[in-house]
Amino acid sequence: MARVGVFIGQYHSDSRIVFDALASYAANLRAVEKVRLLGLRPKVDVKALADEIRRERLDRIVLAGDSPGYFKPAFTRAFELAGGDPSEVRLASFREHGAGLADATERAKAILACAVHGVPYPLVAVPRPTTVHPATLVIGGGVAGIQASLEIADAGKKVYLVERSGTIGGHMAMFDKTFPTLDCAACILTPKMVAVHDHEMIELLTNSEVTRVTGSPGAFKVQVLRRARRVDEASCVACNACTEICPISVWSEFDANLTHRKAIYIPFPQAVPSAYLVDPAACTWVQSGGTKCGACAKKCPKGCINLDEQDRSVEIEVGNIVLATGYEMLDAHRVEQYGYGKYPNVLTSIEFERMTNASGPTGGKIVTKTKELNRRLKVEEWVANPQGPPPRSVAIIHCVGSRDPKYNAYCSRVCCMYSLKFAHLVREKLPDAACYEFYIDMRAFGKGYEEFMERIKAEGAHVVRGRTAQVVEVDGQLVVKGEDIVQDRLVQHPADLVILAVGVVPAQGTVELAKALGVPRDADGFFSELNYNGDPTYTERGGIYVAGMCQAPKDIPDTVAQASAVGAGVLRSISTGHGMGNLDSLTLSEIEERAARSQAAER
Amino acid sequence: MAIRVNPKLIDELATYGAADVQNCYHCGNCSAVCAHSDDTFVFPRKPMRLLQMGLEKRIEASLDPWLCYYCGQCSTQCPRGAEPGETMMSLRRWLTSRYDFTGISRLFYVSWKAEVGALVLVAVLTCVGFLTYGFLNGNIAHYDGPTAFLPSSVVHVFDWVMAVALSLLLLINAGRMWWFTTVKNPRIRPRLASYLKALYLLPLQFLTQKEYARCESRRPWAIHLSLMLSYVTMLILIMFFLKQIQEGPAIAWPFHAFGYVATAGLLFGVIHAMRGRIARKEPHLKHSHESDWIFLVMLLVVTLTGVVQHVLHRSGLELAANIAYVVHLSLVVPMLMLEVPFGKWSHLAYRPLAAFLAAIHRDALVSQRTSTANGEPGSTSRALAAA
Amino acid sequence: MERQRIGVFVCSCGTNIAHHVDVDAVCESVQGMPDVAIASSYRYMCSNPGQEMIARGIQEHQLTRVVIAACSPRMHEKTFRGACKRGGLNPYLCEMANIREQCSWVHSDRLAATEKAKALTSAAIRRVRHHEPLESLTAEMCPNTLVIGGGIAGLTAALELADAAHDVFLVEKTERLGGNLARVDLTAPHLDSARDLLTERITRVRDNPRIKLLLNSELRNLVGYVGNFSATVRTNGASGAHEEKTVDVGNVIVATGYQEFDAGRVTHYGHGKLPNVVTSFEFERMLRTGRIETRDGRLPQYVAIIHCVGSRNKEFHAYCSRVCCMTALKYSHELKSANPSCYVSDIYVDMHAFGKGCEDFYKTTSEVKTLFLMFDKNERPVIRKAAPSDDCDMLIEVNETLSGERIEIPADMVILMVGMEARSDSGEVARLVNISQDRDGWFMESHPKLDPVATTTDGIYIVGTCAAPKDIPDSVAQARAAAARILGKIAKGKIEIDGVFAEVQDERCSGCRMCNELCPYSAIEFNLDTRRSHVIPAACKACGACVAACPSGAIKGRHFTVEQLHAQIEGVLL
Amino acid sequence: MAARKLQIALYWGAACGGCDVAVLDTNEFILDVAAAADIRFWPIAVDGKYHDLEAMADSELDLALFNGAIRNSENEHVAKLLRQKSKLLVAFGSCAHMGGIPGLANLVTKDEILATAYLSNASIEPGNQTIPQARTAVDGMPLEIPSFYRRVYRLCDVVDVDYFVPGCPPAPDQVKAVLLAVVKGELPPLGSVVGASERALCDDCQRTKSEKMVRHFHRPFEILQDPSRCLLEQGILCMGSATRSGCGVRCPNSNQGCRGCYGPLPGVADHGASFLSALASIVDSKDPKEIDQILAGLPDFISFAYRFGLPASTLQRSYR
Amino acid sequence: MSFEPKIVGFLCNWCSYTGADLAGTSRIQYPPNLRVVRVMCSARIEPTFVLRALAGGADGVLICGCHPGDCHYSEGNYKAMRRFPLLKRLLKDHGVDNDRVRLEWVSASEGQRFADIVTDMTERVRALGPLRIKSDLQTDLVER
C-alpha cells in the first residue's frame, strides 16, 4: 500500500469548498499518511518540502485544490529531490471537475479520493445509466442546432427543433461571406435549412420557446410555448400579398435595424419555414384587440392568416436535450467611447454584415447612412440607402467589448477574422476607399486564417496594432483616435464609416434556461461543459449537451464539429437504450469504492 | 546595438508603487486617451513598455513621466487593470531617486522606515540645535523682542542657508535630469536657440501649471495650483518677510493676510488629498505609496504647528508659542531638507524643467525630421488634412 | 422513341402566377404538343386537393409522365414527386417548370411572361419524355469501423463507437497509445493533468471488448467504398516478423495526428548546438521528471520562451499551430511555480488566447510577471552564447515591436515552441485512404465549414490534428463528430443511394481515364484488368462533371442525360 | 444471285483522292474485288463518262462508294445520280462522312475563297481579275461549269446515305471488311457507321494511361516523348479519346496525336465540342490567367477540333 | 417591333439557380428573355449544350455557377471555368460574337446581381441583333 501525502492548496480565492472538512476527510483515507493545507497561492520551498517528503517516506503525493496544477512543478521537483517517482505526483483538480457547484465539498472529496487511489476521476465517476426516450430536443435553430438536428435525424431518430424566432438559420443566415474561404453563407446554409424543413424525422417548432423542463436524464418532459404565428405555416405560399398591404412598418431585426419590415413579414426571403408571421407587438389588429385593420387577413388569397390565433403550450417527451442557443452581440451602446448610437455611421459588425450582404438592405453596397423622412411617423431617420454616398475611408475596430473586464473579459474568437473579411469586402467593393483595422492581437489561428490575414494585408488594408481609444466627430467628420504601436505614434484617422467588431455574449434567456435545466454556467455566462478537454460537449447534467456559441465563442467549423459531436452522445444513448444519468446521483462512498476497485487500472 | 533587457527592474519598481504594470498588453488605449500624449511624447504605454522590459537607460532618458499629471483617465480606460497612471507616478518616484546623486532619495523610496528615521533624526537635530541656540541666547518665555528665544533674524539666516543648500542640491539633481534626458539622449540633438526660446516656460509652468489643466478633469489642477500657490506664498513670506510675519504681537495685515490665505490653501489641499486617498474613489488617488502619506502627514502637521504657534503667539502665550515654534521648526526643517531634494517635493523643480526640456526635445525632433526629408508619413494633422 | 402519355399541371398559385402569366393560355399551348394527354390548371397545385388531382390524373389518364408548371423545384419538387408516387408513377418521371420564382415574380409584362411560361413548360414536356424511372439503391453498411491513430482523437472516436456496441479496429503505429498528448504533463489553460485524461481513455479502450487494438500496426491497403471497405493492416512483431490481416469495415476514421516541427531547421536558434536550447516537448519531459534545469544541472534564472518556431513564417509553415501560445503561457506558470525567483521572457508574435478561459489565462500569466516581448514574424530572434562576464548563459537578440527597440534578452534556458506539421507519412496515408492534402500536407475536409470531419471520399473521416493544428477540446469534438456521423449511418443499417448518379456505360468506355482525376469524391474507379472506368454509385454525388467531360459520351448522368438536356434546350427556345 | 457479279461504282467529290488510293492500298485484294465485282464507274481508275452512269437503270448498281465532300453542283449532281442508280450508297472516307478537310473551308466564305484563288493569289497573271462564273458565253456560246457552293456539305446533306465508312482515308483493312460485308450481305442497320469500332481509339491504343491533368501543351517535336505513355498526358494533343477507333491507331503509333478522322463516337453530338470539354477539364489550374496561358498552347483550336468534321458539327460553318 | 433576343441560361442548382429564385422571392424585375435550364453543377454544362442552344435559335447563352471556391461539389465550377475560354475561342472562330456567351458566378444570395446580369446581357445581345444561326442553317440546305 502506497504512503500518500495530500497537500491542499488554492489558486483561486473564490472557492466554495470547506477546506478544513476536506483535510480531515483526507486524513481519514486509508493510505494517507500526511495532510497539509497550503492556503491561497502558496509559495513552496522545494528543499523543505523534499525533506518533509523524505521524512514521511511518501511514495505518492496528491496535490488537491482548485487548479492545483499551478503548484505541480514545485512538488514534482521536490518529490524528485526526495527520490520519489515524479509520475506519482497526482492532481485532484476540484474546479476542473465541477466542484464549483452547490455540493462543492462533497465533490471535492470524491475527486480527492480518486487521486489518492491514483485513478482519474472521470474514469470512476460515471453516473448510473438511465433508460432513454428516443426523441431529442434541440434548442436553437442556428447552424449548431441545424447541424445537430440533421446529424440525429439522419440516423432516423426523432428530433424536435425549437427556435425562438420565426425562422431557423440563426446568425449565419445574416452573413454574406464566411471567412477565410469567403464562400457565401447562404449558399452553404440554405440547403441545410431546407433539409431540416423537409426532414421527416425533424419537427420544426419555430416561434417557440422552452418554458419548463421536468423529469430526469433520459426522460425529460419539456413544456414548449408555441407563440402564435397567426399565419398557417403549411398553406402559406409566401406570396407577399399580406406584406404589401400591411400599413405598419417597423425596423427589421434580420437586417439589423438598417431597414424596415412590415408587421406581417417573412424574416428574409429564404426563411425556413417559408411562411409569413405576424409581429404581435406591431400589428394593429392584435394591439387593438381585433377592432382595427385586419387588412392582411382579407387580402390573403389563401385565407391562411388568422390574426386571432393564440399562443399555446405543448408538452413533448424527449430523452436528450441539445443546447444550441447561440449568442448575441454585446450592446455596443455600452462601449461609450466609440459613439455607437450617437453617430449614425458607427455600425456594429452585424449591421455591416447585412449591409454588405447581396440580399441586404443596400443590395451589398457599402454606403454611409443618409437621413430620410419616415413619412408615416413624420420623423427623420438615418437609413442605409443603396444610393447613399460610399465611404471614402472605413475604420474597423477590433475587440469592442472583448478582452476588457468592464464588458467581456474573454476573447470573442471570431472578431479578428470577420474584421479581416470586412476589410476584404471594403477593398473589393470600394477599391478607392482606405480601410483601417485597429487590433490588439491578430488571432488568426484556424486552418487558412493566417494566410487569409496575409492576403488581406496584401490587398491594401491598413492593419494597425493598437486598440482605438475613441471615435469623435470633428467638423462633421468621424475621427478614430488610437495609438499605432508598431509605428510608435498616435493616429487620428478620418473615417466615414466605423465598424465595431463587437464581441459576443450568451443569448438572451441563457440564465433562465440554465436554471430550468440545471446546467451550470461559467464565469462568463456561457453554459459550462462537463470537462474542458475530455468532454467539451457534455454537461454536468446527463442527457443535456452543449454545442456552438452557447458554450463559448467559436467559429463556424468548430461550431459544426461540436454540433455533430453532440450527435454521437445522443445516438449512442438511443441505440444502446441507456444514457448518462446525473453526476450528482453518485454518492461519495460509491465513488470511493469504485476508485478502490480500479486502482490498478493504469497500465 | 541591442540593449539588454532587465527583467528585474519591474520588481524594483514595485517598491516604488508600480504593482500592475506587467498586466499591460499594449493596446495603446492609454496613450490615445491621454491629453498630454502627442506625436513626440507617446505615453503612458511606451514608458510602461520600457519599464516592463527594464530598459533603465531609456527610462532615464525619458521625459514622459514628468509630462503626465495623473488625471487617471488612462487607468480608468485600461482594459487590463495595468494602472498606467500609477505606473507613471511610480516612474516619477524612481526617476527622482535616479536624479538624486546622493542615493538618499532611493533609500527613502525603497524603505519608508529609513525615511521616517531620517525625518526623526533631522527633527531631533533641528530641535536640539534651536533649543541650544535659544537657551544660550534668549529666553524661552520671550517670543518677541531682543531676548526672543528664536529671533526672526536668526531664523531668517538659517532659512537662507538652508534655502541655498537645498537649492544647490535640487539644482544638481535638476542638472542630472537635463543630462540624462537631453544631453545623453542619443535621439535628441538639441539646438542652443531652442533653450532660449523655451526659457519662458520655466516660470510659466512653475506658476500656472498650465499643462496640468489639459487633463480630462480640471479640478485636480485647480486644487494642486492652489496648494502650490499657497506654498509659494508661504515661501516668499518666510524668505523675505519673516520679520514681519514672525514678530508681533500685532497682526501685520498686509503680510499676514497672505499668510492666512496660504494656510487655508495648504490645509484645504492637504486635507482634500488625504480624504481622497482614504476614499480611493478618484483614479489618481487610488494608490498611495508610503512616501505619499509621509509627505502629506508632514505637510499637515507642519501647517498645523505653524497655525498653533501663530495663534499662541498672537494670544500672548509666548512660552507656549516658543515651544510650538520649536516643534514647528523641527518639523519644517526635516520636511524641507528631505522632501525638497530627495522626496516628492522635488517635482517643483522637475515639472517645469520637464516642460522646458520637452519643448526643446520637440524642437530638436522637428528639425531632425525636416532634415531627414523623406521621414515618416502622416502626423495627425497631416492625416486630417489629407482627408 | 416510344409514345408517352404526358400530363401537364399548371399552377396558378393563387394570383402569384396567374397575375402575370395567363395560365389557361399555357395549358392551351401545350395541349396540342405530341404525347400530351392532358393539360389542366389549378389554384394551388401544392395543396392537398392539388396533389390529389395529380395522383388521380395519373391513374385516370394512364399518364406515363408528369409535368408541373409551378414554383421553383427547390421549393416543391419533393412534394410533387410524392404526389406522383402516390399516383403510382415513379417519382423521377415528373418534371417541374419554374414559372413563379423565375417567371411571374420577375416579369411584369404579362404577354412576355406567358410566352416564357409556355416555353419553360414545353421544355419540361420535351425533357420529361426522356426521363427514366429511377430507383434508389442500397448498399450494405458494415457496422465495423477502422480508426487509424491512437492519440486522444482516435481513442475518443473508438470509444464513442464501441460504447454504442459497434466493433472498432484501432490501429496504432507505435507500441503505445496516447499519441503526442502522452508526452505532455499538464494541459492549458486549466493546468489539468493530461495523463489523467489519457489514462481514462486508454483504460476504457483496453477494457472494451468491442475495440480490437492493433499496436505496432499500419494500414497497408484499403479497397472498397463506404460501408464496404476492406482494410489490410500489417502488425510488426517483436522480432521483425510481421503479420497482415484483412478486416471488413464500413467507415474509416483517420486520426493520425501531427508531428512536431524540427527545431534544428531554424538555424538562428541553435537547437542541437546550444545545450540549453530545448524544444517544448523536451521541456515537457523536464516537467514530467521534475527536473527543470540546465544541462549542467543548474536552476535556470532566466528562461526565454520563443513562440512560432516553424509556424507563421514563409520559410517553413505559413500557418499558425494554434496551441503553442497557450502552451507557452502554461510553461511560464510552471516555471514560476517550480522556481519563483526565475525570470521568464515570453517572445511572441501575436498572443492567440482565443479559447474558452484562455484570455484569463493570459492575464494571470501577466500577473506572475512574465515578460512578454513581441517580434515580427518575419524577423526572427537570434540566440547566441553570452560572454563569460554575463550573468546568463545565452543572449537572444530581437527587434521588439511593442517598444521599437532592438534588445537582447538574457537566458539560461530557451524553450522553442515548435509548431505542428503534417506527419511525414501523411502522404502515404492520404494515398491509401484516397483523400487529398492541402499544400501544407494536412488532410482536406469535404467542406471547411459545414463538413469539417468528412472528406470527399464517403466513409473516410479525418479528425484531430491530422486535418490542421488544433487543441484537445476541438480534437475531441471532432472525434465525436465523426463518430456521430458513423453511428447515424450504422443506425440506418444500409446506405441509401439516390437514383441520380453518374454511370459509365461499359460498352462505350475506352478506358482513356480522362474522367478519373475529375471526380472530387473519388467515385470513379479504374479497373486495370478490364481497362474500364467505373462509377461507384454510393460515392457519386451526381454533379455531372465527369459526364460533361467524357469525350466518348460513355458516362451517363442519370436524370441529367444528354438527351434530356438537349430536349430541354430545344424546348426553351420555342 | 450468286452468279451475278456485284455492280459497283466509286466516285470522288471534293476530295484529295486519298480514299481512292486507300482502295488500291488493299493491294492484291483489289484483284479479288475485280473478280467478284464489276467496277462500273470509277473515274480515277476506269474510263467512263457521266452519261454512262445516267444511262443505267435505277438501282442497277449494288454499291456506290462516294468519297469527298459536296463542294459544287457537279459533286451534288453525281451524288444524286449515284443515289438513284445504286442500291447502296456509302459515304466513304471522312470527307463524305463529315465534310473532311475540305469542310474547313466553311470557316471562310465562298467569296473569300474565290478572291484568294482568282484575285489575290500570287500566281495570278497581273491584271487578270477573272472569277469563273457558272454560266458564261464563250464565243457567243453559253458555257456552263459546275457552280461553286457557298459552303461544303456532307454527302448526307444532299442525298440519303446508307452507310458511312469513316477515315482519312479509311484503313485498307476496313475497306476490305466493308466490301466483304457487302459481298456476303452481312450488313448492319441502315445509317450505321461501318468499318469502325464503337469505342474510342484509346481502347486500341497500347500506350499506358493514367489519371490526367495537363499543365502544358506541346507540339510532338518539342519534347522528348515517352513512347509508352499516353500522348495527352505528355501534353501532346491527341483526339483519340473522342474519336472512333478502327484506323489501327495509325497516328499515335507513329508518335503523333490522333487527329480525329474517324469522327465522334456514337451518341456524341459534336466531335470537337466534346473533345473540348474533356480537354479543358483536365487543365491543371484554378487560376483564370493561368488557364488562359495553358490554353494558349492550343493555337487554331477550331481547325484541330473540327479538322475532319466542321460541316458535321453543330454550327457547321462560320457566321461572320 | 423591336428585336427580343432569346437567351438560354444554364444555372447550377446550388448557387445560381437559388440566386435566381431569390431574385424571384425578392420580386426583382428583369427582362423575360432568359430561359433557364437547371443543372446540378456548372461542371455538367457541356460546350455542346451551348452550341446546341445557339444552333437552336438562341441569341445568347448565359452560364452561371457558384463563385470560385464555393462549389457545392468543391471544384465543379473550376471545370466550367476551364472550358469557357476555349469555348469562347471556338465560337469566335465560328464568327459568333463573344458577347453572346457569358460565364458568371452568382451566389445564392445574389438575387440582385443575377437580375443585373440578365438585364445587362439582354441589352447587349439586343444590341448585337439576332444571331440567325438556325435560319442560316436552314437556308444553307435550300440555297446552296
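For reference, chains read A, B, C, D and E in written order, and residue numbers begin at 1 within each chain.
Throughout what follows, a contact is a pair of C-beta atoms (placed from the backbone, for glycine too) under 8 Å apart; a residue touches a chain by one contact, two chains touch by 3 or more.
Remember, it's a predicted structure, so these values are computed and weren't measured experimentally.
The chains that touch both subunit C and subunit E are A, D.
A centroid comparison over C-alpha atoms places B as the chain most distant from subunit E.
Distance from the centre of subunit A peaks at D, each centre being the average of the chain's Cα atoms.
Looking at which two chains touch through the most C-beta pairs, you get A-C.
The distance from the centre of subunit C to the centre of subunit D, with each centre set as the mean of the Cα atoms, comes to 50 Å. Centre-to-centre separation of subunit B and subunit D, using mean CA positions: 105 Å.
Computed centre separation for the pair subunit A/subunit D is 70 angstrom, with centres defined by C-alpha atoms.
For the pair subunit D and subunit E, the distance between mean C-alpha positions equals 33 Å. Residue positions of subunit D touching 2 or more other chains: 269, 274, 277, 279, 281.
Counting only residues that touch two or more partner chains, subunit E has 18, 25, 27, 43, 46, 48, 52, 72, 75, 79. For subunit B, the set of residues touching two or more other chains reads 25-26, 46. Contact between chains, per the stated criterion, is found for A-B, A-C, A-E, B-C, C-D, C-E, D-E. Those residues of subunit A that touch subunit C in the shared complex are 43-44, 46, 67-74, 76-81, 86-87, 89-91, 93, 95-96, 119-123, 143, 147, 151-152, 154-157, 178, 181, 183, 188-189, 192, 194, 198, 235, 237, 239, 241, 274, 301-302, 403, 409-411, 413, 441-451, 454, 465, 485-486, 488, 522, 524, 526, 529, 532-537, 551-553, 556-558, 560-572, 575-576, 598, 601-603.
Contact residues on subunit C toward subunit B in their complex (touch as defined above): 302, 343, 345, 351, 362-363, 366-367, 369-374, 395, 397, 400, 402-403, 405-410. On subunit C, the positions that touch subunit E within their shared complex are 72-75, 98, 100-103, 105-109, 112-113, 115-116, 119-120, 123, 446-447, 456, 518, 520-521, 541-545, 547-549, 557, 560, 562, 565-566, 568-570, 572-573. Contact residues on subunit C toward subunit D in their complex (touch as defined above): 507-514, 516-518, 526, 531, 545, 548-554, 562, 566.
Of all residues in subunit B, those touching subunit C in their complex are 1-5, 7-8, 10-11, 22-26, 46, 49-50, 52-53, 55, 58, 80.
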